[in-house]
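In this document, chain identifiers A, B, C, D and E correspond to the written order of the chains, with residue numbering beginning at 1 in each.
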Amino acid sequence: MTHPEAVSDAKALIRHLRLRGRLVRRRGKEPGSPPGTLVHTGERRVESMALQTFQYGGATVSERAPTKVAECFPFAGAPLVTWLNVDGLHDVQLIREIGERAGLHPLVVEDVLSTGQRPKVEDYDKQLFIVLRSLAWDEQREEIEEEQLSIVLGDHYVISFQEQPGDEFDPIRARIRNGKGAIRTRGADYLAYQLIDAIVDEYFTLLEKVGDRLAELESEVMTRPDQATIHEIHRLKRELLVMRKAVWPARDLLNSLIRDEFDLVSDHTRIFLRDAYDHAVQVIDTLETMRDLVSGLIDLYLSSVSHRLNEVMKLLTMIATIFIPLTFIAGVYGMNFDTMPELRWRWGYPAVMAIMAVIGVGMLIWFRRKSWL
Amino acid sequence: MTHPEAVSDAKALIRHLRLRGRLVRRRGKEPGSPPGTLVHTGERRVESMALQTFQYGGATVSERAPTKVAECFPFAGAPLVTWLNVDGLHDVQLIREIGERAGLHPLVVEDVLSTGQRPKVEDYDKQLFIVLRSLAWDEQREEIEEEQLSIVLGDHYVISFQEQPGDEFDPIRARIRNGKGAIRTRGADYLAYQLIDAIVDEYFTLLEKVGDRLAELESEVMTRPDQATIHEIHRLKRELLVMRKAVWPARDLLNSLIRDEFDLVSDHTRIFLRDAYDHAVQVIDTLETMRDLVSGLIDLYLSSVSHRLNEVMKLLTMIATIFIPLTFIAGVYGMNFDTMPELRWRWGYPAVMAIMAVIGVGMLIWFRRKSWL
Amino acid sequence: MTHPEAVSDAKALIRHLRLRGRLVRRRGKEPGSPPGTLVHTGERRVESMALQTFQYGGATVSERAPTKVAECFPFAGAPLVTWLNVDGLHDVQLIREIGERAGLHPLVVEDVLSTGQRPKVEDYDKQLFIVLRSLAWDEQREEIEEEQLSIVLGDHYVISFQEQPGDEFDPIRARIRNGKGAIRTRGADYLAYQLIDAIVDEYFTLLEKVGDRLAELESEVMTRPDQATIHEIHRLKRELLVMRKAVWPARDLLNSLIRDEFDLVSDHTRIFLRDAYDHAVQVIDTLETMRDLVSGLIDLYLSSVSHRLNEVMKLLTMIATIFIPLTFIAGVYGMNFDTMPELRWRWGYPAVMAIMAVIGVGMLIWFRRKSWL
Amino acid sequence: MTHPEAVSDAKALIRHLRLRGRLVRRRGKEPGSPPGTLVHTGERRVESMALQTFQYGGATVSERAPTKVAECFPFAGAPLVTWLNVDGLHDVQLIREIGERAGLHPLVVEDVLSTGQRPKVEDYDKQLFIVLRSLAWDEQREEIEEEQLSIVLGDHYVISFQEQPGDEFDPIRARIRNGKGAIRTRGADYLAYQLIDAIVDEYFTLLEKVGDRLAELESEVMTRPDQATIHEIHRLKRELLVMRKAVWPARDLLNSLIRDEFDLVSDHTRIFLRDAYDHAVQVIDTLETMRDLVSGLIDLYLSSVSHRLNEVMKLLTMIATIFIPLTFIAGVYGMNFDTMPELRWRWGYPAVMAIMAVIGVGMLIWFRRKSWL
Amino acid sequence: MTHPEAVSDAKALIRHLRLRGRLVRRRGKEPGSPPGTLVHTGERRVESMALQTFQYGGATVSERAPTKVAECFPFAGAPLVTWLNVDGLHDVQLIREIGERAGLHPLVVEDVLSTGQRPKVEDYDKQLFIVLRSLAWDEQREEIEEEQLSIVLGDHYVISFQEQPGDEFDPIRARIRNGKGAIRTRGADYLAYQLIDAIVDEYFTLLEKVGDRLAELESEVMTRPDQATIHEIHRLKRELLVMRKAVWPARDLLNSLIRDEFDLVSDHTRIFLRDAYDHAVQVIDTLETMRDLVSGLIDLYLSSVSHRLNEVMKLLTMIATIFIPLTFIAGVYGMNFDTMPELRWRWGYPAVMAIMAVIGVGMLIWFRRKSWL
């Protein structure tokens, strides 16, 4: 038998397992394994891993989808920029091979595979290693879907690793193909900027979704709040925390790319990164404002609940206050004493009824005075 | 049929759509479009865009309202200061033309058009790009109306972009025309300062409105709070958050103009900027104090609601406490047992009534002792 | 007809107008007027403005109360220190004249007149401009009275501007007159320190008043809290915010006087300023502790209100729990069925009464077990 | 007699003693004893202390479990790395002997013994002294078990002190034994890094446990919260505070190891430490997010309790509202007046019953309108 | 007549006076008196002031208890260290004399006498002036007793001023006398460190007391919270604030002693000060954790109060829900209509009783379903 509670419990269980997964992502390796041990920790999100390379520069563009790592290397010489994009991370052997051929530090490969990394930038002399978190709204689960994007920036190449194929880079691919914008005339650092910018752009899309949800909840709280409302507010708060964990370090990362004098980032690209930095700060401003609004909503909800309790109590009190004394009077004249002169009076009954009416109406007037009605 | 709830729901919907708009303003371009793509993102607020130029210096003043961009350029030579003001931003082509002729960086033009920018100052060698948010109280919607003001400061010119024509710069125009104050004897940086100062001045006017509202709500909470009060408090809190998002970065901007050694800002103007900086800090101090007061109001409201609940409960309890035992006694003597000697007693009825009176009065005295009455 | 509510509303209105005034003080000029426009913004607090000068040095002291600005200037030569004190600010012309003769920057004069300035120190080459807020407890309004004190420190003179004559500087005047302490042997910077120190000393006096009030409210909350208590707590919180707005920047000001190498401040005086700085920090520590205590009081008040609600509810519940079943039993034997054998039994009535007593006493015992009594 | 309350009190007492122990750990010495006085302050957690040494380098590995301190010293010469691990700290004499032979500063020995140290790194010229707190989940007590790990890093040796033998270092021992990973080819600083990394790894395991608990509590609060739930939330909050106290300073420690130019830490190891630092920051991010979620859970719990109170009150109000008037009517016709014409009417009884039904049903409809049913 | 409330009010008054005294300690002088005016501000805590001197170095120790200041001066020459300890501060003349002979700055003497100083270190070229707050648990008043300890460190002497004789320095005296530890072989700075360390050690003792109290309150809140509990929690919070005000600046003081290059503090002593600094940080960590726990306790208390209110309400509701309808039925059959056929039926009475039983039991079952029982 599956009654609703069991179902809701089961749902809660599933949700809880997901919550844990979202809060804590294990490092890539068993505790105690040596640094550089390669294990993929995220869920396997795609059937098979896919490689894609672009080589471009000025008028030249060549695009390939190699099936073996060997086909991608060595990268084209300096005037050309090579972009190697990897979708899916479960084939550890393949990633390791890329790492070896591209001369990545073992810790970089480990970080690419353990997908719970915090956004950061690390300088390995000839390479910059950048980790970002791509965020998207999962309409079905009504929560934020996180994905790790790892970028290795060399002097004339960019390698990007995604957990699953996404369409956020399609406009960049299109621009490389048709040579729109300045992308083909610039170096690998500009390409890396474009990837970062695409991720930051996604944050705005997400903020809009969350802002919608917030506005919905606000009008719900103001008009007809119920227990589900507060659960939704709590969930929204949680999603804001998830965003926060991704965006704050992304801002630091961008700041570091602008301020620290990395040789691989040209002054020209730095101006564009400053723009991306501004956008990250704007996202953070909005996030923090939303957090304040959410905590305001909780206050509002609680006050609304108190208010309704008050209303109910007032009604109860008024009814009790009016009828309890009247019932008492009726009780008195229901007593069976032999000598109760009022009972024999001709106008006793109407008189008592009149007294009762006076008391009742008097109380109503008193309540109106106290503005309880 | 449109009953009140439907109406209030519709209002809530409209408000919600506006809230979203105020929280998140899309960047100027579709996600994924190349940097420098020009799209205007704000609402179109004016029918047609208007250009206005001033050229002044010492005794010379000339004012024009050109209809084509070409008429504005080239700007007059160095001893004269040129101020080009643009009202309305929807004609992307026109803005682009100004950008090209004035030699603006593509990112500057993009930021001018996407009106959700955070206040900031950016140094482009020969130009300073300053973004500020102008705030005004919209009496009708009872909320803050935001507008983006973009200022480009060159060595002998200022270009300002507004979303809609406003009267906050009229006094500056008047001073240029009639040569009052020192404005005509000073450079373009002083003009830029005057524009910034006018915006910061508006913040004070706004603080007064908000302070009025806060004081009103405080006396409302103290005298006759109801559910609408808490909604108003919440809205006020929201408006304070909107102001905060505009003023904090404005302070940083002013600080940067004073501390960073921008060549375009003279030491003389820096002293005046320090004054504007002080005012921004003063606005922030007041804002934060107001935020503290608002959160105090919420506490006050909740305690006031609890208090009234308490009052109601005390009344209910007293009435129940007095009449429930009396009703029980009446009930006892309403029983129909054959042998109830008290019923036959001559003074039975008066005795019972007297006992009831004693119990009732005793309870009243007890309540007064407990200071419940 | 003026019934109490109207009166309390009127009071609330007055209070509200004052609150606004205390929260937001307009700048000295209309929005849009040029910088340096001179308008006095505070309330006019004195009938007529008063000038007072001291000239001293070693054994020399001369004290005057000139009626015209011209009489004060030029100041005596370098070995002597001149102190010009101005009480009242409404005569803009007079202040302007002082400003011109003393060579003050127009912004300084503007700040002197607009009495809502934030405490700050500004360096104008030959002069230091210091703004402080003097705080005193207004016994009548039971709130903090703020006043702006502006000090201009030159190499051998000090000009001080007060909104109204106060007695906080009388001890300094006495010491100058009778040569007690080191004041006559030291420079203008030491005099400025003495003025600042007198203001900081006032903060301690104020803290004592506020501390008294806090302790009173604490014992009130613990013994017999009512609705007025929470209003008082809220007001106290507001006064603490007012103090905070004045004291925090005063600390920064003192820190700046100690750390920044102003030529006008000698090392000897710096040691004394360090002492004043320590006191300001001490005031801030105490203020923040008080803020924590106030927020604790609010928690305490709310829990106390809940507690009393609980007590009332428990009483109600006990009475209902005891009498409702008994009344039901009485009701049963009040039914008029023809065949109710118990009614005919000889010992029916006493038996029922005994059962009722057992039930009642049993419940009382049960309540005591549950430690509700 | 042991009734449940006594038992729960006894449990509370034990818990309380433990809480005190966890909050405040005495320093190693009596107050007032001279610095360097050696007393062990933690609980004695093992029967007898155990020593274990590794000497390795390239292909050489030798492992011993000496019973006397003298057997451990002197350490092997520079190309070899020596690791001396000490389990258990109660034998003060033994620790003192190690301290003397290894040339430790008296304060280091004191800190090793007083196991309440805060994580820190201290530079003693020829040695780095590192203190960390190892955290593990004690399944039985359902709380975090803390242990102090002290590491002394010399130029070719590492001495580690543990309160009790743990298995967190077994993988490192295994790697030394079988030469897997790079450990044998690197210096003592790399070994120290491995120990630190093992501790940080444990934090992730712990976060998972805590994350599980948090998710469980969240679903509990949403489905069927009771008083125990809030106690559990409070306990979880406490455990988060315990973790926080251990992890924040660990982050600072790692930062210091990376930034400060300690001669004993090579650049190569620094890259790995940066990795450990990233993990510590990730742990902190998650901890802070969890703290936010826990405080959200408390809000949720309270609102859920309010909600249920509301439900109960509504039911009570409805029943009272329906039956109190009806009972009053019945009471009226139970009065014994001689002249009550209705009582004589033929259809009096059915009419009254009908009226009662109408009133009752009317109220039910009214409640449904108010959406209380 | 002294009834309990009056007594508790009087107690509250005393407590309140003490609270004020603890929150705000007047500066040593009347507002407006010149800097360096000497007045003692604390309570007079000892009958007569006592002087004690130690002179030591290597094997030499001499200890005296002079009755006149003149006997203490001049201090012994450089290889010997002189420690002059002064107990009690009310004899201003005596302190002034010490100040003059020891060459103290007037502000130092003023600070020694005004015992509300904030912990700080001040550099007067040839002397360091250190102020600390000694904290002890006053068992009788159940609150923290504060005392100011002022230390003047010269190149070969230490002067310490205490408000009253305390035993916290006895172990130091003992070590000087019997030459245990390194104290006799080191300079005056090491002695100063020992005094500071003794004070910091006291903080740990205090934390244990407070930790005990906290754990007690926690178990009280979880098992049987009442109104007194919340008052105790509030008091504990207050004591934590008192500790905080003393310990945070003590940490800054120690940091300053370590970082700032004071000539009077040798590198050797600096290592020990670093140890004291670590302990101060540890105290602060624990304090802040306790503050979090205390605020958690308040939440717990409030939820526990709500919970009990809920329990009581549920009982009330159940009883009302069961008996109110039954009483109504009884009331119906108590009506005196002539024609009520049920009253004549043979089985009318038992039938009605059975119906009532069915209704009652049905409701009980329903409640159990709703898991209210």
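Please note the rule applied: a contact is a pair of C-beta atoms (placed from the backbone, for glycine too) under 8 Å apart; a residue touches a chain by one contact, two chains touch by 3 or more.
What you see is a predicted model, and the numbers here were worked out from it, not measured in a lab.
**Q** What are the chains that subunit B and subunit C both touch?
**A** The common neighbours do not exist; no chain touches both.
**Q** For the Cα fit of subunit C against subunit D, please give the angle of the superposing rotation, nearest 5 degrees.
**A** Angle of the fitting rotation, subunit C to subunit D: 145 degrees.
**Q** Are the interface residues of subunit D and subunit E largely the same numbers on each copy, more than half shared, or largely different?
**A** different
**Q** How big is the gap, in whole Å, between where the Cα atoms of subunit C centre and where those of subunit E centre?
**A** About 26 Å, centre to centre.
**Q** Averaging only over C-alpha atoms, locate the centres of subunit A and subunit C and give their separation in whole Å.
**A** The answer is 42 Å.
**Q** Give me the residue numbers in subunit B that touch at least two other chains, ranges are fine.
**A** Touching at least two other chains: 302, 306, 309, 313, 316, 320, 324, 327, 331, 334-336, 340.
**Q** For the protein chains shown, what form does their contact graph take: line, ring, star, complete or other?
**A** Contact pattern: a closed ring, each chain touching exactly two others.
**Q** State the ordered list of ring chains, commencing at subunit A and continuing via subunit B.
**A** A, B, C, E, D
**Q** Taking the complex as given, what residues does subunit B use to touch subunit C?
**A** It comes out as residues 168-172, 175, 180-183, 194, 197-198, 201-202, 204-205, 207-208, 211-212, 214-216, 218-219, 222-223, 271-272, 274-275, 278-279, 281-282, 285-286, 289-290, 292-293, 296, 299-300, 302-304, 306-307, 309-310, 313-314, 316-317, 320-321, 324-325, 327-328, 331-332, 334-340, 371-372.
**Q** Provide the residue numbers of subunit E that touch subunit C in the complex, in ascending order.
**A** 5, 8-9, 12-13, 15-17, 19-20, 23-24, 26-27, 30-36, 105, 107, 111, 116-118, 120, 122, 224, 227, 230-231, 234, 237-238, 241-242, 244-245, 249, 298, 301-302, 305-306, 308-309, 312-313, 315-316, 319-320, 323-324, 326-327, 330-331, 333-336, 340, 342-344, 346, 348-349, 352-353
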